[in-house]
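In order of appearance the chains are A, B, C and D, and numbering begins at 1 in each one.
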Amino acid sequence: AELMARFDARIDADGRIEPQDWMPEAYRKTLVRQISQHAHSEIVGMLPEGNWISRAPSLKRKAILIAKVQDEGGHGLYLYSAAETLGTSRDQMLDALHSGKAKYSSIFNYPTLNWADVGVIGWLVDGAAIMNQVPLCRCSYGPYARAMVRVCKEESFHQRQGYEALLVMMKGTDEQRAMVQDAVNRYWWKCLAMFGPPDADSPNSVQGMRWGIKRISNDDLRQKFIDATVPQAKVLGVTLPDPDLKWNEERGHYDYGQIDWDEFWQTVNGNGPCNKERLSTRVKAHNDGQWVREAALAHARKQQQRAMKEAA
Amino acid sequence: AELMARFDARIDADGRIEPQDWMPEAYRKTLVRQISQHAHSEIVGMLPEGNWISRAPSLKRKAILIAKVQDEGGHGLYLYSAAETLGTSRDQMLDALHSGKAKYSSIFNYPTLNWADVGVIGWLVDGAAIMNQVPLCRCSYGPYARAMVRVCKEESFHQRQGYEALLVMMKGTDEQRAMVQDAVNRYWWKCLAMFGPPDADSPNSVQGMRWGIKRISNDDLRQKFIDATVPQAKVLGVTLPDPDLKWNEERGHYDYGQIDWDEFWQTVNGNGPCNKERLSTRVKAHNDGQWVREAALAHARKQQQRAMKEAA
Amino acid sequence: MSATANYLLHLADNAVVLGQRNAEWCGHGPAIEEDIALANVSLDLIGQARLLYQQAATELGGDATEDRLAYFRDVPEFRNYTLLELPHHSALVGYAKSDLDYGTTIVRNFLYSALMVLVWERLQQSKDEQLAAIAAKSLKEVRYHLRHSRDWLVRLGDGTDESHARVQAALDHLMPYTQEFWTGSSMEAAAVATGVGVDVAALKSDWDALVDDALQEATLVRPAVGGYVTQGKNGLHSEHLGFLLSEMQGLARAHPNASW
Amino acid sequence: MSATANYLLHLADNAVVLGQRNAEWCGHGPAIEEDIALANVSLDLIGQARLLYQQAATELGGDATEDRLAYFRDVPEFRNYTLLELPHHSALVGYAKSDLDYGTTIVRNFLYSALMVLVWERLQQSKDEQLAAIAAKSLKEVRYHLRHSRDWLVRLGDGTDESHARVQAALDHLMPYTQEFWTGSSMEAAAVATGVGVDVAALKSDWDALVDDALQEATLVRPAVGGYVTQGKNGLHSEHLGFLLSEMQGLARAHPNASW
C-alpha cells in the first residue's frame, strides 16, 4: 500500500516510472500489451511498404523507401527493448504475435495497390501515428517515453517525405494524379479509424489516462488530425473522400462523416483483406530463419567454450 | 546365332524390329540410350522456352508458345513410351537424368535471353533437330520410327511458326530487329554443333549406320542444314555470324567456318552456362512432386481394394 | 463503357489471369502428364481470353484490340476474381517468393471450373450472340478442366495423410475467396439486366452441390467461410496482381509500337 | 561510349543489381537485426549506384540521367557480374519460384565485398577524380558489408551441422561465378589503360587471402572452380536478370514521361 501510494504520487506529479521502480501489475500488463503491440505494428508495417521497394520508379525514391522501412525495423527494436525492461522477452512477444494473441495496427491489413500508396502511408498513416504518439513522449513509463521521442522524430521526417513525394506526383502526369487520388480514397477512412473507437465506446481510456499512459482522447486526436490534414490536402490538390467534410465555424473544427466501425472491427478481428497474409509472412520469415538463429547461438556457445578452455 | 542372322537379315532388308522380336543386347542398349536421351531433351527443352511464357508480348504468341511447349512434353511422353518397349522404366530413365548419368541435347544448356530466342529456337534449333530426326522416321526399331513420324510432323509446324514470328519482328521496330539478330548471333554456332562431332571423330556412327539407327553422317546433315538455312536467313534479313560462310560453286554447297568444338565438349560435359540450372530445376520439380505422385498411387490402391471388397 | 463490354472484360480477365497462373507450372509439374494437362488448361483459358477481349474490343471500338486490353490496362482496371490472381501457395505477401503447391493449384482450378461450367452453360443463351458462341466453345473446355481438377482433388484428398492435409489446407485457404462469386456488383447486374450476363448468385446451390459431392468423395471437410469478401471483380485487388501483370505486360509495354 | 562511361556503368550496375537483391529480404529476414542490416547494405549499394550513374550520365551527356541509365537499359546493356543477379537460392531457372536462403545471400555478399574492399581501395587513386571520391565513400561502406557477411559466414560455418551444410552448399554453388572477376574484358582493359580503372586480376592473391582466412575460421572448404566462366560484365547474362529488371523497371517504363 505504501508502494502504491508512492507510485500514485509519482504519477500525479507527472514523474517518470523507471524499470527498477515498483509498479502495479495492471500497469505493467497494460504497458507490455501496448508497447509490444506498437513494436509488432512497426515490424508488420514493413510489409505493405516493402511491397514496393523492388518496383520504386526512381533510385532516389527506392533509397528513401528502403531507409524508411529500415527505420521501422529500428523502431521495432527500441520498442521490443522498452517492453523487455518490463520483464517480458522478445521471444514471448513474437510468440504472441505469431499465434495471433497479440494485435498490431489494423491499418497494415490493407494492401498497397499502387506506388502512391507509399506516399499516402507516409503522409496520412504516419501522420495519424504521430498524432497518437506525440503524447506518448510524455508517457509515465520512462523507457517507453524515451523510445517514443526518437520514433516520433523519425516518423515526422517520414511524413514530410511522403507528402513531398505526393506533391511531385500531383505536379506530374494525369496517371500520376489518378494514382494519388486512388490511394487517398482507399486510405482516408482507415486512417481516421486508427485513432480508435469514439470516446463513448472506449472504456479502457479512463485507466490509461489516470496512469499517464494515454493523454488525449481518441476523438480529440482524430479531430486534431482532420483539422491538420484538410489544408494539406488542399495544397496537394486531392479530394478527401467525405462529402460531409466541412469547416464548422462554431466549433472551430472540421465536421466529418460517419466512420464504418463495423468494417474496422471486422479487420481488427482478423477479417481484413490482408490479415492472413501479413501474419503468415511473419511466421514464415521466423520459421525460415530458425536455422540461422540456431547457428548464431551454436557458434556463440562454441566461442565461449573455446575462451574458457584457453583461460583454464 | 540363328537369331542374330535373322536380325541381321531383317536389318539388311530395311525391315522393322518390333518389341517382341529378338535383338542383340548392344542394339537394345544403344536404342535405350538414344531414345531416352531424346526424351530427356524434349523435357529439358521445355525450360528455356517456358522461361518466356509469362512474358510473351501478345496473347497470340503466348498461346502458340504454350502449345509448343505442351507438344514438347507430349514428345517426351511418346519417346519414354517407345523406350519402355525396350524393357526400361520411366523411373529408371528419370533417375539416370537426375543423377547426371543420362545426357540431353546440349543446346538447352544455353539461356534464352530475349523474346526473339523463342523464334530462333523454333527456326534454327527445331530446324536442326528435324534434319537429325527425319532419317529416324525410317529407323530400324518400329516404335521409335513411328514416334519420330509424329514428332517430326509437329516439329516442322513449330519451325514454321518460329520463322513466321521472326519475319514479323524483322518487319517491326529497330529494337525488334536487334533482338532477332542478337538471338541468331548467340544460337547459330550452337545449332551447327547439334549435328555432333565431325565424321572423322565420330566412331559410334559406324555401328549406328550398320543397325539402321543412324542413316546419314553428322557432316552431311550439317551441310544439308546450312544449305537449307542460308536462303531463309536472306529472306529474313539477318546476318549469320560466320564470315567464312559462302557459296562454293564447285562443291554445290555453302562453305562455313570452324566450329568451336572445345566449347561444345565443355557444355556436353556439364560446364555450359545453364547445365546446373536445368538439371536442378528438373530434380526440384520431381522431388516437389513426389507427394502428388504418392497420393495418386495411394488413391489408386485404395480404389482397387474397395473394388475387390465389393466384388468379394 | 457499355454493360456488355464491362462484362466481357470481367470474363476475359478471369481467363487471362488464371491462364497466366496455370502456365507457371510448365516444366515444373509433378509428372509430365500434369505439365501437359496444366498447359492445356492454360491454353484453353488464353484462347477464351482472346475471344472475349476481341469481342470486348469490337464493343468498345476505337483503338481497342485484344492485346491493348490485355497488356495496357493497369491493376484497378482488371475485373477478375481475386481468387484467380493468388500465387500457388497459401497466404503470403506478393513479393515473398515461395514454392508452387500443387494442392493450391488443383483446389483453385476446381472451385473456378465448377462455377464456370454453370456460367458458360447459361451464357449459351446470352442475348449477345458472339458471347453465346464463345460460351458454347468454352463450356466444352471447362468441363475438361473440372474433370481434371476434380479427379486430382479426390486423389489428393483420398491419397496419403500428407496429401490429405495439404489439399485440406489449400481448401481452407481458398474457400473464403469464393464469397466474391456470390456478392452482387453493378457490372454484373447491368449485364444481367440486358440479358447478356448470367445471375451468378442464382447458381450457388448448383455450385454447392458440385463442390459438396466432390469434397465428400475426396474425404475433405468444407470449411465455413466468412469475414472479408474480396472485390477483385470491382477492381480492388490483392497485392499479387501487380506482380503478375508487371511480368506479363512488361515486354509489350517496353515496345508500345511493336507488332508481334 | 567512352572507356570511363563503360567502366562506371559496370560498377553502377553491380551496385544496383546487388542492392535490388539484398532488399528482397526486407521484412523476411531471420531476425529484425538482419532485416535492418541487409536493408542497410542495400541502401549503401543503391547510394553507390546513384553516384556512379550520375557520373556516367555526366560522361555520356545528352539526355542521360541516373534514372534513364538504371531504368531504361535492357538486359544486354547491363554490365554487372552474373554472380550478383542470381536469386537467393541455388541453381534454378529464373521463373521457378523458390525460397530465400540466407546462406546464399551471405556467401554472395561476402565474395563480392571481399573483392570490392580491394577495388575501392585502389580506385581512390583513380585518374577520374569523381570516381576516386566515390571510391573513398564506398570503401567505408563495403568494409561494413564485408564485416557483416564475414561474421555471418563464420557463424553459419561454425554453427550447427545444418547451417554448416547449407553455407557450404551455397559456397559450392556461388564460387564458380567468381571466375568472372579475374577474366579480362575490353571494357576493363580500356579503363585500366587510361588510369581510371583498376586491374582486377592483380587483386586475386589479396582476395584469395581474405577468402581463405574467412573460410578457415568458418571451417568451410574452398571448392575447386572450373568450367563455364560467366560473362555478365560483357552483357551476356543469366536468365535471372530479365526477371529482376522487369520488376525493377516496369513502373518507371510504364510512365516514361513522369517525374517521381
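To be clear about the criterion, a contact is a pair of C-beta atoms (placed from the backbone, for glycine too) under 8 Å apart; a residue touches a chain by one contact, two chains touch by 3 or more.
Which protein is which chain? UniProt says C, D = Phenylacetate-CoA oxygenase subunit PaaI.
Quantities reported herein were computed from a predicted structural model and do not represent experimental measurements.
Visitor: Taking contacts as defined above, which has more of them, A-C or A-D?
Guide: Contact tally favours A-D.
Visitor: Report back the single chain whose CA centre is most distant from the CA centre of chain D.
Guide: So the chain farthest away from chain D turns out to be C.
Visitor: Go ahead and note the Å separation of the Cα centroids belonging to chain B and chain D.
Guide: Using C-alpha averages as centres, the distance is 36 Å.
Visitor: Cα centroid separation between chain C and chain D, in whole Å?
Guide: Averaging C-alpha atoms per chain gives centres 40 Å apart.
Visitor: Can you list every residue of chain C that touches 2 or more other chains, as numbers and ranges?
Guide: If we look for residues of chain C contacting two or more partner chains, we find 24, 27-28, 74, 93, 95-96, 98-100, 246-247, 250-251.
Visitor: Which parts of chain B, given as residue numbers and ranges, touch two or more other chains?
Guide: Within chain B, the residues that touch at least two other chains are 47, 50, 54-55, 281, 284-285.
Visitor: Let me know each pair of chains that touch one another.
Guide: A-C, A-D, B-C, B-D, C-D
Visitor: Tell me, which parts of chain C touch chain A in their complex?
Guide: 74-76, 90-96, 98, 173, 226-228, 230, 236-239, 242, 246
Visitor: Quick check on the complex: what are the chain D residues that touch chain A?
Guide: Those residues of chain D that touch chain A are 16, 20, 23-24, 26-36, 39-40, 42-43, 46-47, 49-50, 53, 66-67, 70-71, 99-100, 102, 154-156, 158-160, 162-163, 166, 247-248, 250-252, 255, 257-260.
Visitor: Contact residues on chain C for chain D in the complex?
Guide: Chain C residues touching chain D: 24, 27-28, 74, 87, 93, 95-100, 243, 246-247, 249-251, 253-254.
Visitor: For the complex, give me every residue of chain B touching chain D.
Guide: 47-48, 50-51, 54-55, 111-114, 182, 266-267, 270-281, 284-285
Visitor: In the complex formed with chain D, which residues of chain A make contact?
Guide: The contact residues of chain A facing chain D are 43, 46-47, 50, 53-63, 66-67, 69-70, 73-74, 76-77, 80, 115, 165, 168-169, 171-173, 175-176, 281, 284-285, 288-299, 302.
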